[in-house]
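First the structure, in the form of structure tokens, and then the observations on it.
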């Protein structure tokens, strides 16, 4: 019954998400020896202006 | 002080949400014997392309 | 596919939890018109020393 | 490694969020004696029609 | 910056968790093309008496 | 109505938590101009063997 919540920056393509959930599910079932149907994955797309590291929003981080 | 987070597919109407939070709060207070004002409920609407079961996004599940 | 996370003070009995998840699931299926098997509920028991309101831990709230 | 999730009503300005994450990070590092780079903060903007207290959505609370 | 929260039944060994986080991180970096250091994974061990499906706690599910 | 979830390594003292929630609440009310009673903070103590960065559990990170 592993349930995943993934928070990541918004902007990932549908194709990347499709590949990601397939890969995560495969890895989970391989390691934990569980059925794919037991794995749920929920993605939260986070805008850069809603995520901060070191006290600074990522929308304002300069490179 | 029960606090609920509900993740469900986006698309539910305002009326369904209104009924849902009233029913959940009533059930909680009845079972846990707490005051309605102690119950907080936060709903996260999840797009089908952000939720996967069995390694496949729900936006791609065929029936 | 509604998935619930409930955070509440630790100390509720097994019987209260059993009644709570049954009541929440029943209310959810009635309002959203979904199958019981689609409803997952995860409870997080929170110690009073890990929950604060108004800047004060509940383990230190006086009545 | 403190990681914060903040759920609050949508509508806060970029400037308020910038100040909030700076203040939260400063307070965290001061109290816990950790480096700013160890603090991550993720904000979830919640519409008032997705948050209920006492069984009533905030979009329907009258003052 | 992907951050994972994994909720799963308590009881998994340290070795299983070590393999799981390595596999999840590897899959994430491969698909999303990000650095391993950007991936954080937090596991929440959930007792079976705190997880319900279909209105029934898993501690009470019979096989 | 800001609600905070803080995930941090287990091991912080009661005194540190008391100071942290007071400081976070003060900072929140100052920046967002809200009443202290509107701020809820829930702390999740995470064991180092349940938190990974860069694919490695913190219980196994060497310094």
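Residue numbering begins at 1 within each chain, and the chains themselves are lettered A, B, C, D, E and F in the order written.
In this text, a contact is a pair of C-beta atoms (placed from the backbone, for glycine too) under 8 Å apart; a residue touches a chain by one contact, two chains touch by 3 or more.
If you're wondering where the values come from, they're calculated on a predicted model, not measured in any experiment.
Comparing chain pairs D-E and A-E, the larger number of C-beta contacts belongs to A-E. By residue number, more than half of the contact pairs of A-D reappear in one of the listed pairs B-D, D-E or A-E, namely B-D. Between subunit A and subunit C, the centres computed from C-alpha atoms are 25 Å apart. Centre-to-centre separation of subunit A and subunit B, using mean CA positions: 20 Å. Between the CA-based centres of subunit D and subunit F the separation comes to 12 Å, rounded to the whole angstrom.
Of all residues in subunit C, those touching 2 or more other chains are 1, 3, 7, 24, 26, 40, 42, 44, 51, 53, listed in ascending order.
For subunit C in complex with subunit A, the residues that touch the partner chain are 1, 3, 40, 42.
The touching residues of subunit D, counted against subunit B in their complex, run 7, 44, 46, 49-57, 59-60. Residues 14, 17-18, 21-22, 24-26, 36-37, 39-45 of subunit D are the ones touching subunit A in the complex. Subunit F meets subunit D in the complex at residues 1-9, 12, 16, 19-20, 23-24, 26-28, 30-32, 51, 53, 58.
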